[in-house]
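Okay, so subunit A shows up in both of these, paired with subunit B first and subunit C after.
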Partner chain A sequence: MELLREEPHGTTKAFYLSSAVWMVFGTLAGFTGAVQLIAPELLGNIPWIVFGRIRPIHTNAVIFGFVGSALIGSAHYLVPTLVRTPLYSERLGKITVWLWNLAVVLGTLTLSLGFSQNREYAEWIWPVDVIVMASLGLGFYNLLQTVKRREEEILYVSVWYIFGAFVFTAFIYFFGNAMWNPFTGSITGIPDGILAWFYGHGVVGLFLTPFAVAIAYYIIPITCRAPLYSHSLSLLGFWSLLMIYTHIGTHHILQAPTPTWLKVIAITGSIAMLVPVAAVLINLWLTMRGRIPYILGDTGGKFVLAGTVWYLLTCIQGPLQALPVVQRITHFNNWVVAHAHMGVLGFSGIIALGGIYFILPRITGRPLHSKFLADMQYWLVLLGMSGFFTVLTAAGLIQGHGWLNGETVYRMLPEIHPYMVLRLSVGILIVSGAFIGLYNIYMSLYGFKTGRKAS
Partner chain B sequence: MAYYGGWILLVVLSIWAALIAFVWAVRSGQFSQQGRARFLPLIDAMPGQASSQEPLPPSRGGYVLVFILGLGAAGMLCAVILSLYHL
Partner chain C sequence: MKMTPPLLVLGGSLIFGVVLFVVVILPWATMTDQPSDIHRPRTALEERGRKLYVKNGCSYCHSQFIRRIDWDLGAERIAQAGDYIAEQPHLLGTERTGPDLSQEGGEHPDDWHMAHFINPRYVRPESIMPEWAFLGTENITALIAYKQSLGYKDADARMQRQRLWKPKSIEAYEKGTDGNVAWLHDLVPEPWRKLPNPYPTSQAGLTRGHRIYQSFCIGCHGPVGDGMGPAAPHLYPPPLNFTTLKGRGVSGGILYYQIMNGITGTAMPYFKRDLESEKIWDVGNYVAVTFIGETDANTEPRGIDASYEPADGEKR
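Let's turn to the complex of A and B:
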């Protein structure tokens, strides 16, 4: 079958094209939601795009469709490359791609029809969850078989992170979606809130983060032409991530009647997250010390470097806002929305794009269709992300400050309206970048001109 | 209390998965040769992997990232100041 045609790096190519398509769709969905925040009645009352549906469509399409596809696609390149062995089965890889896309399509359709589990990032209903798990399982099996046949005995830290991501994503996805309760996808009461945020936070920290860090650990040494500063330190970061990240999700519900001991664990764990984050960033930055101009000269490397900057900000902000005294200001408002965009778009999304632009020439044997367009997308996404951060952070602080002064939600809405207009304006940059990226990635894959070879 | 069973199962499974991986890593010598492991990305396995980019002058790009760091720091500082104000 043509859809399962075996070709060198076919899995990675298909994941990359999927990612580019979902970036366009996901950002357009976000843009639609942003329009509704300014003018709720502008689009009429079309049921399948009302805010309650378009928001989870946006978040899931971006997390799993755009960022997830790019990261898993890169994993299917990094593991074979780092263990010096071809991918075990490109056909299995293609099945993984199609199942993944089927999940995102079905998840989107069912959400637009009103079928939802109503828990953040776990809105997709049970049949979609099964497809996600199947795709994750196939990807894990394919890469595991590749590693079992490896020619390089030592597993580089990126391989550890990739396998960690597969295993722990499967864990958190199964438990977080309460898959043993197919009709609700949830349990009851406060334990469900705890479970939901164990998953909601884990989907960033144990799905997106390890994949993105794996890519950074691979690309930065190559682009700055230097060995990794310390492989031991990188492994310390990996194991400490798994030790600490798994139990900090309760910091999302500190104001809820969750057990105090669990809150204490979540807060101390959040602060302890500085250990694995510092291990990663210090290691990468010491690797690139004095060589940053080389990284900025590489299209993919430039994205990855920017992603590490957002990673630093996200991971300093995370522990800070886990402190109850700070959270009184920052929670339940647009500050958290800014933080989520930093983690998903600024950190893992930008690194995912960096992975695509770094690896594409290596799997096609040709240069990118347009380095200029890739650079343009870099600046659009970077400016857009910076704009999101500024606008949403400011709006969040105004909301938090106002509420603590006794203002009602209703009275605060006009105050943040200008910020929502700015947010929509900034979103145009991201959507434009997505369209440019889709064109460039498609042309790099399929629109090649004869005679152009990768340097 | 009925949910405790599920939690304990999750904890046990997670710890076992991590322990199995860790023990395998120790036994198969994954923590040896750390010096060589640093170079693994630099060993070309696929054709055309050599990085050919030219360094850019340090005035471009890097300063924008420094500015973003400053922006982030300013946002966090505002949150801390407001938190202290409302103590």
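Let's turn to the complex of A and C:
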């Protein structure tokens, strides 16, 4: 079958193309949502794109479709490369890709028709969950078989993170979606909130984060031509991520009537998150000390470097906003939306793009179709992300302070209107970046021209 | 430490198991399943409405728990774990693009909700909530039933109050203008009825009043104050035609009281949470001057003039 054709690195290529497509689709969906927050009647009364439906379509399409595909695609390149063994089965890999895409497509369609489990990032209904699990399971099996047949005895830190990510994502996805309850995908009462945020936090912390960190660990030493700074720091960062990140989901519902002891765990754990984050960043940044120009000279490396900076910012903000005094102001408003975009787009999304641009030339054997377009996408996304952060944080502070001061939500709507307009305008940069990326990635994979020589 | 596939997979699974136990299973097993004082089971129609709420993602804009620091809708009761024992899935929410709804039941009568779901801008001109007309009347009815149950027994008590006053307001409305206005005003406490607006009319005040009118009232009372705003066809009794108040003894105090307190049973909401004192005087006077055509602003008794007032009256 043509779709399952075996070719070297076919899995990675297919994942990358899917990622580029989902980035265009996902950002357009976000754009549609943003329009509705400014002019709720502009797009007419169309049920399947009404805000309550387009929002989960957006979040799931960008998290699983765009960032997820790129990260899992890179994992299918990194593991074989790092253990010096070809991927166990490219055919299995292709099945993994198609199942993954099928899940995102079906998830999108069912959400737009109003089938939803309504828990953030766990909205997709049970049949879609089954497909996701199948895809994750196949990917895990394929990579495990690859590692079992490895030539290289020592497993590099990226491989740890990738396996950690697979194991944790599968578990978290299964339990978080309460897959033993197919009709509601949930348990009951406040414990359901706790479980849902154990999951929601796991999606960003144990799915996106470890995959993205794995890519950074791979690309940074190569682009700056230096060995990794410290093995012990890698160990510390890896195990502490798994141990701490898992505990802290309740910081999303800190002000709800959850048990106090759990809140204490969530808050202390959030602060302790500085350990795994610092371990990773110190390790990576000391590796590149004095060698940053090398990284900036590489298209993929540049993205990854920017991603690590956003990682730092996200993870300074994260522990701060887990503190109850700060959450009085920041919870429930656009401050969190800024943080969310910073983590998912600024950190994991930009590193995912970096992975694509670094690895693509190595699997096609040709330079990128256009380095210029990749640079342009870099700046568009970076500017867009900085704009998002500024605008949404400002809007969030205005809402939060207004409410704390006794203003009603309705009274604050006109106050944030200008910021919603700015967000939409800045969003155009990110959407344009997505289109450019799709074109460039497509042409790099299938275009006949090899583009300008990298200068 | 030498990292091998078994170590990664087994170590990872072990950590996952332990943490899942501590932060999910333990709270799940130990948390109360006792209903709180206000809890009651939902009816079949209310359940149906809740399903629509889940399907349509209302929870991306509406939270359902009240915190100690809240002032807006529902702030009279802080959430307790026992309020949630039947929630599946939970609808706590993480964003308040719109207000918290955990105590929404009975805040408004059903006709207000009908107009609001058909198009939120009809009753809340600056709302950014989507229109839900596409759900169809039957579904909206279920959604309203669910809304009116939010807050359980507290909501039931408020709904009882709405149901008590609804027929009375209809009866008054059907008596014609004189009867209706008399009914409306008789219910305003005596001291308020006699109270004129203590502040003088000023161009600045009217401009502010106009702005408030446009953000809060225009959808019902209409751009010319005749009660023919876009919400009117959905409301019964319909919004008041202000022009009928001329010569019927309306005072600044009555306007203030009605705007502050609302008229339970009718769609007229209370505005004391949205608007503070000066804004209520301003919009009341705007209505008086612009639509009713008579105002008692700055007439006796008006007390000592406030320090900011322009020096044109006698008392200084």
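Convention: the second predicted complex is superposed on the first by the 448 of 455 C-alpha atoms of A that agree within 3 Å, B and C clash if a C-alpha of one lies under 4 Å from a C-alpha of the other, contacts with A are read in each partner's own complex, and residues count from 1 in each chain.
Note that in this section a contact is a pair of C-beta atoms (placed from the backbone, for glycine too) under 8 Å apart; a residue touches a chain by one contact, two chains touch by 3 or more.
These figures come from a predicted structure and were not determined experimentally.
Q: Give one word, clash or fit, describing how subunit B and subunit C relate on subunit A after superposing.
A: clash
Q: Let me test your reading of the model: by the given contact rule, A:P227 touches which partner, first (subunit B), second (subunit C), both or neither?
A: first
Q: Considering only the touch criterion stated at the top, classify A:Y410 as touching first (subunit B), second (subunit C), both, or neither.
A: So A:Y410 only meets subunit C here.
Q: Between subunit B (first) and subunit C (second), which does A:L3 come into contact with in this model arrangement: first, second, both, or neither?
A: In the superposition, A:L3 contacts neither subunit B nor subunit C.
Q: Scan A:L82 for contacts with subunit B and subunit C and give back first, second, both or neither.
A: Only subunit B is touched by A:L82; subunit C is not.
Q: Have a look at where A:Y294 lands relative to subunit B and subunit C in the superposition and call it first, second, both or neither.
A: First partner only, subunit B.
Q: First (subunit B), second (subunit C), both or neither: which does A:R55 touch?
A: second
Q: Have a look at where A:L42 lands relative to subunit B and subunit C in the superposition and call it first, second, both or neither.
A: neither
Q: Between subunit B (first) and subunit C (second), which does A:L382 come into contact with in this model arrangement: first, second, both, or neither?
A: first
Q: Which stretch of subunit B would you flag for clashing with subunit C, going by 4-12, 58-66 or 76-84?
A: Residues of subunit B that run into subunit C: 4-12.
Q: Does any part of subunit A touch subunit B in one structure and subunit C in the other, and if so which residues?
A: 154-155, 163, 167-168, 171, 175, 187, 191, 195, 235, 239, 242, 246, 328, 404
Q: For the complex, give me every residue of subunit A touching subunit B.
A: Spelled out, the residues of subunit A in touch with subunit B are 81-82, 84, 152-158, 163, 167-168, 171, 175, 180, 187, 191, 195, 217-219, 221-223, 225, 227-232, 235, 239, 242, 246, 291-294, 296-299, 301-302, 305-306, 309-310, 312-313, 316-317, 320-321, 323, 325-326, 328-330, 335, 338, 361-362, 365, 382, 386, 389-390, 393, 397, 400-401, 404, 453-455.
Q: Please name which positions on subunit C make contact with subunit A in the complex.
A: 1-5, 8-9, 11-13, 15-16, 19-20, 22-24, 27-28, 30-31, 33, 54-61, 63, 65, 67, 69-73, 79-81, 83-92, 94-99, 120-121, 124, 126-134, 215, 273-274
Q: Provide the residue numbers of subunit B that touch subunit A in the complex, in ascending order.
A: 3, 6, 10, 13-14, 17-18, 21-22, 25, 28-42, 45-49, 51-58, 60-62, 64-65, 68-69, 71-72, 75-76, 78-80, 82-84, 86-87
Q: Write out the stretch or stretches of subunit A touching subunit C in their complex.
A: 36-38, 40-41, 45-47, 50-53, 55-56, 114-120, 144, 147-148, 154-155, 159-160, 163-164, 167-168, 171-172, 175, 184-196, 198, 235, 239, 242-243, 246-247, 249-250, 252-253, 255-259, 262, 265, 328, 331-333, 336-337, 399, 403-404, 406-411, 413-414
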